[in-house]
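In the two assemblies presented below, chain A is common to both, partnered first by chain B and then by chain C.
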Partner chain A sequence: MKKDLISMEDLTVDEIKDYLRLAHSVEDLPADERYRLLQGKIMAAMFFEPSTRTRLSFESAMHRLGGGVIGFAEKSATSVSKGESFTDTIYTVENYCDIMVIRHPGEGTARLAARVSSIPVINAGDGSNQHPTQTLLDLFTIEKDLGKISGIKVAFVGDLKYSRTVHSLIRALMKFDVTEFILVAPESLRLPKYFMMTDEPNKYHFYETNHLEEAISKCDILYMTRIQRERFPDLLEYEKVKDSYLLTAAMLEEARPHLRVLHPLPRVNEIAYDVDKTKYAGYFPQARNGVIMREAILLKHLGVKI
Partner chain B sequence: MSERNEKVLMIPKIKLGIVIDHIPAGEGVKILEIISRYEEMQDVPVTLGLNYDSKKMGRKDLIKMQLEFLSPEIIQHISIVVPGVTIKAIKDYRVYSKVVVQAPKVIKNLLLCKNPNCVTNLESGIETLFHAVDEESNRVRCNFCERIFDRSELKPIIK
Partner chain C sequence: MVIKNARWLTAEGYFEEGHIEIQEGRIVKFGSSSSYGGNDSILNARGCLILPGMIDPHVHFREPGQRYKEGVCNGSKAALKGGVTSIIDMPNNKPPVTTKKRLEKKRIRFAKKSLVNWGIMYHASNGKKEAIEDLSKSVKIYMAKSSAMAPITGEDELKELFEFYSRVSVHAEDESEFLQDGKNRLPHHERRPRKAVISALQKIENALRKLPEEKRPRVVICHINTAEEADWLFRMKNEGFDVWGETCPHYLFFTQEDYLKEGAIFQVNPPIRTKNDRQKLLKALSEGIVDFIGTDHAPHTPEEKQSSNPPSGIAGIEWVLPQMLHLIDEGIINWKQLHQLTCRSAANCYDIEGRDGIKEGNWADLVFVKRLDEPQPNQTVITKTGFNIYDRFEFRWNVELTLVNGIVKFEKGKFPNESPGKAI
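Right, the complex of A and B next:
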């Protein structure tokens, strides 16, 4: 039976651990061995909205495994722009490839594609709903950097209201028994209460603050996100908060020695360039881990064992 | 005759038909609204009673319809919007069958998703699907966009 990757909510902890194990194995494989694994297979990268990083890292992953890539990078390059329905596009493209990677602004589109398609579908982001491959690569990065996931303390900084990356990662970390979270956000961009809801309210602790400095010395992972200007109805409000979430190297003096600063990228002005040179900067290796995790995902969903 | 019985007589007994009983006071109108949206119900005589005394509920609403058979689709819709009501079939002025309807755990193509950016609202001809979030609450999750809503805030799909 074909296996799709649509939502983190569909995965058990054991299934997530399987992805992590596989990613570690992929990383240990020599490049020439890796290159033989998906020869003759074709991945369709169907990007109905632009996304440089996710698309390029999927394409890079497929090329590293020896497979071929077809696809498009924006809706205007497809027949959807001529009025073709989304499902007709899926029915057509599934004849051209072995696996589909879909990014679409509509929420639930990957789920719909998975339902109508006879080949595996990977969700590369559906509107503000899910982006499971980002969450998996974040978990892989945390496990690699800290040697474990459970029991760590994570601070999230920035737009916690709209960032699906943050929502999805918090829910996944909760599954891994991460119980302490520090949430640093302006009042208007705080984490919606729904994401803190759980059957075990006494187990999890969410500390909310407006001040980045408060979080730095207390966490193992500092997960930064971009504060998007367009999210603010009042631009004066944006001007007020934008710099209060700027992390600089000087602010990291009090940090725990093993602290890692992560960011889904692109950054705008949340992390000063002087942080890049510190031992804490984990965001560019995180981007590299994205390719490794996506190699693992492609292998798993194409049924190739290593 | 007690005051309570006098009030019950305000709605005439029916020889053949369907009675929806134990409707929480104030919810009867919601059920009436659903019923009236079905074409097959357009010519059916319907009586709505509001705020009757009830031993069990304090106050209740009541609906009587003069028709032999209520379609499973309408029953499902009622169960989603006002779960817990009793639907009784009447023959020769007597109740010959009754059932308490509860909201289904899986609601297929009966409610519209409220999220305008959900694929079920973007593409035509996609059947909606909701799952109950938990046993106790009225909350359901859209299978596609994964948003959670209160059942009562979602509009029914009438085919």
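Right, the complex of A and C next:
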């Protein structure tokens, strides 16, 4: 039976560990061996909304495995813009390829595609809903950098109310027995309360603070996100907080030696360039890990063993 | 008209700024400069946030037959105060709206009296099929008795109605599972037990599965009150069924403990259930499983509620937006979800044209809200229950002004223009 990747919620801890193991093995393979694994296979990258990084990362992964890539980078390049239905697009494109990678602004569209398609579907982000490959690459990065996931302490900074990446990663970390989270967010962008409404309220601890520097000295991973003016109901609040969410190299003096700063990218204002040169900067290697994890995902869903 | 110093909510949950130009009731342009015509009347929105007017797809304004409990005019005023600009009224009237003729008469009544935009529903009867889709927003199927009509509890009867109508809204409590009172009066939620809900869902699902896909209607599960309904909805949506879920504020703010403590003022159908149900419903809201909020505004007089055999129903429409904004303050939902729950989803579900948010071309159904530094003091109650069961919460938001089709209909507690709204 074909296997889709739609949501982290569909995966058990063991299944997630499988992806991580596979990614480590992919990384250990010599390039010429890797290049033979998906020869003759075609991936369709169907991007109904632009997402250059995610698309290039998937295309790079497929090329590294020797496979071919077709696709489009935005909706206006498709027959959908001529009025073709979404499902018709799926019924057509599934004849052209072996696996589909779909990015779409509509929530739930990835699952719809998976239901009607006869070949595996990988969700590369559907609206504010799910983006599982991002979460898997984040977990892979954390495991590579720290050597483990369970028991670590993670600080999330910025827009914790809307960030799909943050929500999905917190849920996954909870499954891996990460129990302590530090949340640094302005009043209007705090993490939704239902994260604290777990069945095991005594197991998980969420510390909320407005002070970035306080979090830095206490965590193993510092996960940064962007805050946007348009998210604030009260502009006065935005003006008050906007500068206090900028990470600079000087602020990292008190950091634990193994701390890694991660960011889903693109960064705009939240990490100063002087952080790039420090040993803590983990966000560009994170992008490299994204390709490796996506190689692992393509292999797994095309049923190729290594 | 031009609204200046505006800051408004978009469907994506962002806030945009500038001015809003309104002509003939519709939003024609947004602008960031102050270059609008000198002849326009100007409304200053400084200090307020502008939200899309709420669509409340579930109210009981009690006309015809029980105007002493509320009435269309009074109910629509309560709606305006709560930030509601469009409503859909339920058909369990006296007499129930079971015929085309009664639909037509009820439409005339609403066209004259309702200050907000309005739609009405048709009351399904066992085995009866009538083409009413031009006159009614949906067909309401009561699986528990709610008027003089018998409940519809058979799977085959459901299937027959599902096959004929394209959009049905269901009161999903299976009356055949209700318990009879013995000597001791049972608490409301025991008399109408959870298994009545579960049985209703099962029958709805069976009826849907018996129909080929193209003959299945859109099904709205009204006033979701249990964790089981949220799970069912999630599962059915994932399977591709065209099912929608509505829940009501009283299931999000109260539990059956409140009913046990305070009695009939918390007696409502379906009953308010456990703390766990409440938690699961809040979670379902935050995860986007529940589609929209309906108030199920169902007023009764204080005398009726205090009687030995009190009727079921809670009236809350006049506080509904402050209630929902409170859920944002509490971190349960975000602004994008607020937009969906109070406006966009109901507009999509019931095909309501031009009222799915603040955008060019849409009707200017707008609500100015303000965050207060102090909780708002007790205000006069408009609805004829005369009572606010939410007064124990410290809601920090107030509806300052409500525009319907570009007309200011509510401002600081007053109703400056009582012209009727439009049919939706």
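Everything that follows uses one rule, which is that the second predicted complex is superposed on the first by the 301 of 306 C-alpha atoms of A that agree within 3 Å, B and C clash if a C-alpha of one lies under 4 Å from a C-alpha of the other, contacts with A are read in each partner's own complex, and residues count from 1 in each chain.
Basically, contacts are C-beta pairs under 8 Å (C-beta built on N, C-alpha and C of every residue); 3 or more make two chains touch, one makes a residue touch a chain.
Quick caveat: nothing in here was measured; it's all calculated off a predicted structure.
In the model built by aligning both structures on chain A, chain B clashes with chain C. Looking at the shared chain after the overlay, A:Glu107 reaches both chain B and chain C.
Using the contact criterion defined above for the overlaid structures, shared-chain residue A:Asp234 touches chain C, although it does not reach chain B. Once the two complexes are overlaid on the shared chain, A:Thr198 sits clear of chain B and of chain C alike. In the superposition on chain A, A:Ser7 makes contact with chain B only, while chain C stays out of contact range. In the superposed model, A:Asn210 lies in contact with neither chain B nor chain C.
Once chain A of one complex is fitted onto chain A of the other, the partner contacts of A:Asn269 are absent, as it touches neither chain B nor chain C. Residue contacts after overlaying the shared chain place A:Thr87 against chain B, while chain C stays out of touching range. By the touch criterion stated above, A:Ser244 is placed in contact with neither chain B nor chain C.
According to the touch criterion, the shared surface of chain A, contacted by chain B in one complex and chain C in the other, consists of residues 107-108, 111-112, 128-129, 194. Here chain A touches chain C in the complex through residues 107-108, 111-112, 115, 128-129, 161-162, 190-194, 197, 228, 230-235, going by the rule given at the top. Interface of chain C with chain A (complex): residues 7, 13-16, 49, 237-238, 240, 279, 282-283, 286-288, 330-336, 371. Interface residues of chain B facing chain A in the complex, by the touch rule stated above, are 115, 117-120, 122-124, 126, 142-148.
Only residues 7, 9, 85-87, 105-109, 111-112, 126-130, 194 of chain A touch chain B when the two sit together in their complex.
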